[in-house]
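Next up, some structures in structure tokens.
Two complexes follow with chain A in common, the first pairing it with chain B and the second with chain C.
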Partner chain A sequence: MIEIILMLSLGFLALSMMATIFRLVIGPTTPDRVQALDILGINLISAVAILSVLLKTHAFMEVILLIGILSFIGTIAFARFMERGVVIERRRHK
Partner chain B sequence: MNADVTSELVAAILILTGTIFSFLSAIGIIRLPDVYTRSHAASKSSTLGVMFTLFGAFLFFLFADNYFSIRLLLGIFFVFLTAPVSAHVICRAAYRSSVEMSSISVQDDLKGAFRNEQEDA
Partner chain C sequence: MSLLHLAIISPFLLAILVPIAYKLFRQIHTGWFVLPLPILLFSYFISYLSITSDQQSVTESFSWIPALGIDFTAKVDGLGLLFALLITGIGSLVVLYSIYYLDKNKEKLNTFYVYLLLFMGAMLGVVLSDNLIVLYTFWEFTSFSSFLLIGYWYHREKSRYGAQKSMIITVFGGLSMLGGIILLYLMTGTFSISEIIAGSDEIFSHSLFVPALLCFLLGAFTKSAQFPFHIWLPDAMEAPTPVSAYLHSATMVKAGIYLVARMSPVFAEHSLWLWLIAGFGITTLFWGSFSAVKQTDLKAILAFSTVSQLGMIMSLLGIGAAALHFETVEDSYFTVATTAAVFHLINHATFKGSLFMVAGIVDHETGTRDIRKLGGLMNFMPITFTLAIIGTFSMAGLPPFNGFLSKEMFFTGMVRVLEMDIFNLDTWGLLFPVFAWVASVFTFIYSMVLVFRTFTGKFQPEQLEKKPHEAPFGMLISPIILASLVIIIGFFPNIISNTLISPAQAAIMPVEGYKYDTHIYFWHGFTPELFMTLGVITLGVLLFISLPKWRRVYDLFPEKLALNRFYDSGLSGIQRGAYRFTKWYMNGSIRNYLVYIFTFFIITLLSVLFMKDAFKFDASNVSAIRFSEIVLALVIGVGSITILFVKSRLTSIILLGAVGYTVALFFVIFRAPDLALTQLVIETISVALFLLCFYHLPQIKDEERMPFKATNAVISIGVGLVVTLIAFSAYSNKSPNSIAQYYIENTYEKAAGKNMVNVILVDFRGFDTMFEITVLAIAALGIFGMIKLRLGGGKKNENK
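Right after this comes the complex of A and B.
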């Protein structure tokens, strides 16, 4: 029973990841694509959580935290690049 | 034994609710017309979905193994903290790199302030 519910939720998650990848491919502007990648990372977090429930193991909890942090840093870097053209600015001495 | 199965079922239904929220957010990402409305759909419901899912997994490990996973709680807290921030910076970058709103938008309150700032700089 619980396995069936978890499989069903993995199916929903796969559908939503496919829809997000579709937006990533067709997205007309760069912010659309960055947004789609961000949501893809968040969906990946819940996929890892469901898989760790399904396999009944505690080994993947660090992966959840790690994907969250990496996805956030990547999104911030891309947004800075879109807004200013550089990711890390150099301060000029006057 | 029976109570154990019931509580694990509650956790599984929480997980299913979270993934249904993610699915609705994906429908919003496909169907809405411009980047700002899509960001509205994507950030809020997807964040709620992943928080439901992580909380379901947390409850499952708490009931099944008596294992209090502080890392899952940290994951919930971190996603709750960072997902709206990343949606905000993406929308800000989109507006400042002059991505068009959809043609059915009626109001743009940021336009005047943004133009003043551009003239000052």
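Right after this comes the complex of A and C.
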């Protein structure tokens, strides 16, 4: 029973990811795409979690954490880039 | 190492000492230090005469590379000794002559004598080696030292041109000879000439026999300036005259003759050998003597005359080979040709050496070698004139000089061709004596031009740079000795007949238990040869007198047909062609190179796949496909294909990131947590780096989609297809055995770890990891270096 539910949620996640990728490809503006990428990351987290349950392993817990961090850092970096043109600012106090 | 080996390499050893002597004793002409060696060697080789006169030989072996069958085996037999005596004898005379010819203050004598000694040693090595590889080594040494000697006055353009030309042609022949040597080795399994000759009957029907024969002949013809490779010899006349006298008349150009004579016992059974040598020899003889008449430079006349005389010796060797081909040697019907060849070889070395020295004296004392400016020197230089008379009359084949005897024998040999009983010789064989006779007429004419245009006629002091006078006595010694030899051999030919000629013949045509016995007579009776000589003299005199009237015949031959033009345009044509070809395919565009690489990849792999019938599709090992895999594959597929078609670069970077993350997801569902972790981090960093690059790209106004190119599409589809096909075939052929089981069993047992991937990375196969770390370190240092190190105009591109 639980397996069917898990598969079903995985299927929904897949649909969601397809939709996100559609936005990623079509997305009229760059922020649209960045947003899509962020959603994709979160979808990935859920997908990996469900997969871990399905595969009956806890080897992928680190992956979940890592995606969370990376997705966050990536989105922030993109945001900074679009706003200021650079990701890491140089200090010029001289 | 025996004394004989020491004798061969002694010139090389002395060559090391010459520069030291030159620096230490500036007051003494360096030539005096060199002179004793050839004299010593000459007397040493004289001592072998008693052995070779019995038609025996001496072999001394010295191990060099025994594992490859290459030993420095020195063998002294009749032929080798004859050449060794020529080399050391004329070598001594040339060194003596050069002492007076070259000024010790104006010329760089150290280099001159080093080159000359290198050449002398190399030449001795060529004629006394019994091992073909050693012979080849010395052979190339002669080409190389000849190159250095021709370019001795390297500041002159023409010297450099002549040196380069002779190098290209002789090394071309030398390499082809090396090919012949290797073919012979493949047939016989030995490099030793004696052993090859002993087993020559077996290789006669071998399929490599004819290629080996042709390779050897090419080597011999280029070295001995045979038609059409004779073109380097006239240009080699830019060398100092002692060099021309030594290398380009007496020794090096006879290395090809030596090779033909030496290899005769191996190849002469085959009719191709006989006809090629005789045919090319007679052509060279005719063309050389014909061309010599039109030259106006003394040394050019002598150069073409050398070409023609070498052709004559070559053709005689060819006809002499008929003795081995058609009959037994004992009948000695055709062997007279070989006798004549050896005899003329000696004669030519004597008179041509002296003539070159005479030309050198004339040049030295008047400042020119142009016969149009010379004339009437007889009264100023009586001794030189006498020497010239002796040399040229011998060259023309007049009695009582030695040239007369060898020319008579030459005619005898040529007339006997008529009686060779093969393919319709009633017509073709007749060409040999006719060509020989016509060429002799021309020989007579240019000989007369040489002596009478220079020494008689009108004296033109206004044309000369110096006031002419007789040469110093030291310069005259060498030509006087050579001219005396011309006369002595002319009057008493039999002093060399059984000491030098017969042993040489025994080496050229060895017959078990047969001893050659040569006798040379002045008077044969009223034979066709005598009438031919009389005809040569009569017609020659008439043509010489009327030369100004028919000289214009030479204008009929346009410059364009000359072989030199062919060589020059061929050489520059090759250069231009190679340049154009390189420019055509190396056009600097990376896209083009990638097209070559990928096309090659597709063609080779596909053709191998189909030729070997290697394509195989076997689904029995394939596991079931899950729904999640299909979805992920679709995501990756759509993402990758979209990258190709999007307009904006930023979009393609983001898409690439998406693809990378999906790959990480693949790692998840294929149960590779470590890979997934790494893939995620690395993908993020790469995307960030791509964005960095993107930001620094120059502003492009309208970002356009990548233009579509049909070749690109075809090639990329082809590559994908090929790789897919190979992957299918490889998987279908996969061996069921894997070493994975070992790791599964031993990860904890032996390596104390539970994470198998990590244990493999740092324990079972830690070396790979170490060098991957190195790669990362190098990459990091490289990036740091590229950013920090700005040499030269880097400032301009500094960021704002």
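Just so it is clear, the second predicted complex is superposed on the first by the 93 of 94 C-alpha atoms of A that agree within 3 Å, B and C clash if a C-alpha of one lies under 4 Å from a C-alpha of the other, contacts with A are read in each partner's own complex, and residues count from 1 in each chain.
Heads up, the rule we're going with is that contacts are C-beta pairs under 8 Å (C-beta built on N, C-alpha and C of every residue); 3 or more make two chains touch, one makes a residue touch a chain.
Owing to the predicted nature of the structure, the values given are computational and were not obtained by experimental measurement.
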item: Partner chain in contact with A:Glu62 - chain B first, chain C second, else both or neither; value: both
item: First, second, both or neither for A:Ile5, with chain B first and chain C second; value: first
item: Partner chain in contact with A:Gln35 - chain B first, chain C second, else both or neither; value: first
item: Contact breadth on chain A, by residue count: chain C or chain B; value: B
item: Overlap of chain C and chain B interfaces on chain A (superposed complexes); value: 10, 17, 30, 34, 62
item: Contact footprint of chain A on chain B as seen in their complex; value: 5, 8-9, 11-13, 15-16, 18-20, 22-23, 25-27, 29-30, 35, 38-39, 42, 46-47, 49-50, 53-54, 56-57, 60-61, 64-65, 67, 69, 71-72, 74-75, 78-79, 82-83, 85-87, 89-94, 96-97, 99
item: Residues of chain A that touch chain C when the two form their complex; value: 7, 10-11, 14, 17-18, 21, 24-25, 27, 30, 33-34, 37, 40-41, 44, 47-48, 51, 55, 57, 59-60, 62-63, 66-67, 70, 73-74, 77-78, 81, 85-87
item: Residues of chain A defined as touching chain B within the complex; value: 1-2, 5-6, 8-10, 12-13, 15-17, 19-20, 22-23, 29-32, 34-36, 38-39, 42-43, 45-46, 49-50, 52-53, 56, 58, 61-62, 64-65, 68-69, 71-72, 75-76, 79-80, 82-83
item: Touching residues on chain C, where the partner in the complex is chain A; value: 627-628, 631, 634-635, 638-639, 642, 646, 650-651, 654-655, 657-658, 661, 664-665, 668-669, 671, 673, 676-677, 680-681, 684, 687-688, 691-692, 695
